[in-house]
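Dropping the structures in below, format is structure tokens.
In the two assemblies presented below, chain A is common to both, partnered first by chain B and then by chain C.
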Partner chain A sequence: MTDVDTGLSSTQLTLSPEEHRRLRRRYRRRTTLTAYAFLGPNLLAFIAFLLIPVVWLFVSTFRTGGVLGPAEFVGLDNWRDTFADPLARTSIRNTVVYSAMAIPAVFVIAMVLALALRTISRGSALIRVALYLPTLQPAVVAAFIFVFVLHPDFGVINYAIRGFGGDPINFLGDTSLALPTIAGIEVWRGTGFWTMMFLAGLTALPSELYHAAEIDGAGAIRRFVRLTLPLLRPTFYFAVIFATIVNLQLFDSVFALTDGGPVNSTISVSLYIYRSLFLFGDIGFGATLSFLLVITVLVLTGLQTFLLRDRK
Partner chain B sequence: MEVEFNEQIIADFNSQVAPDVNVEFSTYDWPVHVAELTTLFASGSPPDVQYLVDLIYPAFAEQGVLHDMTDLVNDPEWADERANISPFAWDLAEQQGGTWGVPVLGAVYNIFINEALLEEAGLLDSWDDSYESMLAAAEALTNDDVFGFAARTSAADFAWWDWYPYIHNAGGDVLSDDWTECGLVGQDVVDAMQFLIDIHTAGVTPAIGSLDNQGLFDLFAAGRVAILHHETPNIVSLNENPPGFEWTVAAAPPGPQGHTVMGNFGILSIAEASNNKDAAWEFIKHWASAPQVGRFAEQVNLQVVRTDIIGDLFADNPAMKTVQSELVPRVQGLQPHPQILEALQAAWPVAEDAFRGNLTGEEAIAGMCAAIDGVLAG
Partner chain C sequence: MPRTYEDETREVESSGSAARSGLPASRPAIALSYVILLVGVAIALVPFLYVVSTSLKETTSLFSYPPDWIPSPIYWGNFESLFADHPFVWWTFNTLFVAGTVTVLKLWFDTMAGYALAKMEFTGRRGVALLFLLSVAIPISALIIPLFFVVRYLGLLNTYWALILPPLANPLGIFMARSFIVGIPDNLEDSARLDGASEFTIYRKIVLPLIRPGLVVLGMFTFMLQYTSFIWPLIAVQDSERQVLAVGISGLQSAFLQDWGLLSAAMLLAAIPITLVFLLVQKAFVVNDLSGALKE
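Right after this comes the complex of A and B.
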């Protein structure tokens, strides 16, 4: 490398401490402003479409009406009605039970599939596509598919059951089976997504750790428990929070398949909110139930964040 | 098809009544029509005229988004036309001290019977003498291939339409006469409910909740249900694709206090926010006139509420003619209370549970009343 005559001496290139601080402040200010400029539209959308509606929702919990007619202040009446309403309690219980069935089931199945896919080299892409296809189905299409699978008269499963001499099972018409069946359908729809998510997480894990563990004599289960699960903590962190948020808002498959029946055995909080707001025009009650759902999601998210935090 | 038929009415309106009025027709999606209408009214610019059924319009009337048409329908120049519409239909359109539309059409909830099966069993003339004879007929007709009886049981299929006549025939109703509390009172109502529980638990129906609205009808069309509660628009399906057996329509058997038929009727309303109320009224008068509503009813297989054209309609459709001439005069409609839909939705799961054999008639009526009173109190 040759020296280039810049016309400046080394003394002239040196910044004074004051100038250095000034330039550093200016650089920081510029990068901060640039960041805010990029974040600005998202922040505006957040305020307009989330913060203001949630605040409005909270205000609506103390009012009645307000959509087709003037709003009227009713104090805590909506809160009292919500906690006293047996159907609200049923909808909350159904939603929680559904989530408790669907989330662990889809995670276990997706993890098993992801681990299997990681070891497959030939045909892996095709299997991934096949696994992901159910996720792409809208709930109504999935509902239609499952009519042909579950129908007591002509459904594939019952056809097979009858073939073996058994009695047909009324999957969606039996009060004790309807909710697990809905959970099963949602697991079917979600498995592809979570398999890809876990596979991405698994692929990013450092292979040298596994080689070292293998050399040290760790078996497959030990490697999974001691290496894979801890290393996948960030993936699980996202997965648990996201799945909780999504599943607590269960609506479309229930709306399409059972409309909350039979005997309210599949009514979810979101379906009850929809009915209250759009079918019965009970804005205050619907708003209160909606706000409770928002709070529940926030609390559960906070709790999961605390429990899954990185303990160094 | 319905769009085409409405365009025909609009074309006649423009050629016969108001050439300068531009009418734009749109439809709403039936499964979510309440939500859709709520959004339209909330927008402040709903359609000037809308077709609303008796189950949902009272809530909109209560919230002030419908125009009170009392003065319009009492216009002396329209008195003859008003008189041609059945009183029961006006009862459905008038409540909360106002008149919220002009009754035009309805769908009656009838029974379809497989005449061949009933005749073969020697029950064709006696199956509908009483509740007991219907249960006995259903039991006699049930075998490995045929269900003797079927009715809708889930709220998603609006199953209460099939339940209503038995309750009305027992002197009960969802609400009391003054609409302040549950009207499911009296031993006759309990007995009627017990009968419905008995027929659903007697092994003569498909498993409760196993088949939806369409599934039950398809089973009937396949000759596998002898007595089916359903609705008149399906007559068109049976006419177009005749099943391999003779069939006809009928009403539910008489009860201790009456012999009624349930129907779900619709009115043409004007939005309070409409800036074209005069033109809207002219259009409603045209739509509700005998030639227009009669032609439309025949096209879509619904019933009219005008008494002056009954003899002229459905000449080539004996089943519809029977419905129009014999069933419609027996109609006792629902009570158009603003919360009637909510009351039915709240009470129905109790009935559904009872039909599964989990409650007695007395327990079911008590549970339904608790749900209805809960809605009225809320």
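Right after this comes the complex of A and C.
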């Protein structure tokens, strides 16, 4: 083995600069080919199921028809219709309000649970499994489970309210309560996921800094605010981006529970897009709404990246 | 010597949790933590009691007040009806088959792509990385209309392909795989390269074994996303026999007017396979932080 090594190095030393450049270029070309072979399956999936659909959406925002008859160019009509459509505006507002309720709530609860889990050692594995069970359920299943929990007659919450002498509340039938209730169900389902995510982030933090902070006399709350939160920035960055993308797509639970009601108080952008695909013969409107959702998520995540990413 | 999954797990289990990061906790802090966690566990689990209880009751006896938790006599008719009158076995098989296939393919493709992005110097690397990064932020439910037409154009509506192929475009796993691979010291691959190993051999023989703990978590994450996915199967598949659990279950409710007993039986059984999978891999969860994916 050692013989081969010495042989190699002596030939390399005799390369002229030009030969060296040529070999380098050949090596780079070969690496590039290999790299694209490795990227191939993902690039193909990207082109077929992301790039083409997004381009198709963009083109469709300027066209009408296309399902039964041939498509026709209509300029900005779809955009005007979408912005003028009161239900489109309601769906956008509901989706944003829902996300603004669900995301901060689930983050705070999950952070508290993660800190508690980090503090204990005995029974931690069992508690983690129990907390994660809701996360393993499809959103429609979580939604149906909460029909029981929230039921005006036999739900446990109204049972408790009646026990204290109050009147039962019809959570999903009330226009001002339905959307917060849907958000609450998602918080129940998402807590396990974010608890694990935050716990993994906390576990990875360097303990030396904490010892130093304690010697300096920093209390628990001060250590959390000054050390833990800033150190967890990469975790929060991922969490905020991922939660925004997922929550702005609210669909499953409103589809299963309320179908947008009562009185459109829970109609979401995705539900409206879904309806437009099957109820209207015209896809221009749905495409415009979809494209608007794509742009919104891109802009929001871009903004979050700008605000939260580690500065070099 | 690179650390293995077993090493890390052992460390997590042997060292008390508090010592890992932060400080040994005080007694009141531990007590408070247990109180908080027990409340959390209760809120997480109590709703499931409804499902178990309701699945064992006849729907006509459901709406009694006050509600009785323990059904007497125990009624098995909901489970019988689920198997006799509904393609529940097919839904379960389809879900496991599709989620399993997507997970295996995704792990394979994403680790390949992650390896290229992490370790190879090639023309267009920044461009490709940026393209994938931008596509992380594209919401799939905004693409259902064009995806429907693409899949219809390919003649794949109502097939397993319709359920398996589009999720392969989700780029998040690429970045997670890349973040695992970046941590592998370069000299490990370089020495293999000097021995004449091809890139594919390096990927298979060196990279994959080293990132196994991360792959367990990424695999679980992918499997869970697929197991719970709803809007795309709802659109791509029409036949009930070819449908997945989530959509099948939601159909039970709308088609058979509020048969809560039947619905609960279905939800209970649907939760079993994914819970088993999670129990198998749950130890790996705390050790591996997926959020490293979007760190630059």
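Just so it is clear, the second predicted complex is superposed on the first by the 273 of 312 C-alpha atoms of A that agree within 3 Å, B and C clash if a C-alpha of one lies under 4 Å from a C-alpha of the other, contacts with A are read in each partner's own complex, and residues count from 1 in each chain.
By definition in this document, a residue touches a chain if its C-beta (ideal position, glycine included) is under 8 Å from a C-beta of that chain, and two chains touch if they have at least 3 such contacts.
Worth saying up front: this structure is predicted, and the values here are computed from it rather than measured.
Asker: Looking at the combined model built on chain A, do chain B and chain C fit side by side or clash?
Answerer: fit
Asker: Can A:Asp153 be said to touch chain B (first), chain C (second), both, or neither?
Answerer: both
Asker: Given the touch rule stated above, what does A:Pro262 touch, chain B (first), chain C (second), both, or neither?
Answerer: A:Pro262 sits against chain B, while chain C stays out of touch.
Asker: Who does A:Asp81 touch here: chain B (first), chain C (second), both, or neither?
Answerer: A:Asp81 contacts chain B only, not chain C.
Asker: Just chain B (first), just chain C (second), both, or neither: which does A:Asn170 touch?
Answerer: first
Asker: On the A-aligned overlay, A:Ile92 touches which partner chain: chain B = first, chain C = second, or both, or neither?
Answerer: In the superposition, A:Ile92 contacts neither chain B nor chain C.
Asker: When the two structures are laid over each other on chain A, which of chain B and chain C touches more residues of chain A?
Answerer: C
Asker: Could you tell me if A:Pro134 is touching chain B, chain C, both of them or neither one (first, second, both, neither)?
Answerer: A:Pro134 sits against chain C, while chain B stays out of touch.
Asker: Could you give the angle made at the Cα centre of chain A by the lines to the Cα centres of chain B and chain C, to the nearest 10°?
Answerer: 80
Asker: Taking the superposition as given, does A:Arg275 touch the first partner, chain B, the second, chain C, both, or neither?
Answerer: Only chain B is touched by A:Arg275; chain C is not.
Asker: When the two complexes are placed on top of each other via chain A, what is the minimal CA separation of chain B and chain C in Å?
Answerer: So the smallest C-alpha gap separating chain B from chain C comes to 5 Å.
Asker: Jot down the residues of chain A that show up as touching in both complexes, chain B in one and chain C in the other.
Answerer: 153, 274
Asker: Mind pulling up the chain C residues that touch chain A in the complex?
Answerer: 12, 16-23, 25, 29-30, 32-34, 36-37, 40-41, 43-48, 50-51, 54, 62-67, 105, 108-110, 112-113, 115-117, 120-125, 128, 131-132, 134-150, 165-166, 168-169, 171-172, 174, 199, 203, 224, 227-231, 234-235, 245-247, 249-250, 253, 260, 263, 267, 270-271, 274-275, 278-279, 282-283, 285-296
Asker: For a test of understanding, state which residues of chain A touch chain C in their complex under the given definition.
Answerer: 28, 31-32, 34-36, 38-39, 41-43, 45-46, 48-50, 52-54, 56-57, 60, 109, 112-113, 115-121, 124-125, 127-141, 144-149, 153-154, 156, 159, 188, 191-192, 196-197, 199-207, 210-211, 214, 220, 223, 228, 234-235, 237-239, 241-242, 245, 248-249, 251-252, 255-256, 270, 273-274, 276-277, 283, 286-287, 290-291, 293-294, 297-298, 301-302, 309-310
Asker: Mind listing the chain A positions that touch chain B in their complex?
Answerer: 65, 67-69, 81, 85, 87, 151-153, 168, 170, 172-175, 258-264, 274-275, 278-282, 285
Asker: Which stretch or stretches of chain B touch chain A in the complex?
Answerer: Against chain A, the touching part of chain B is residues 32, 34-35, 38, 41-42, 59-60, 63-65, 154-156, 206-211, 215, 219, 339, 341-342, 345-346, 349, 352-353, 356, 374, 378.
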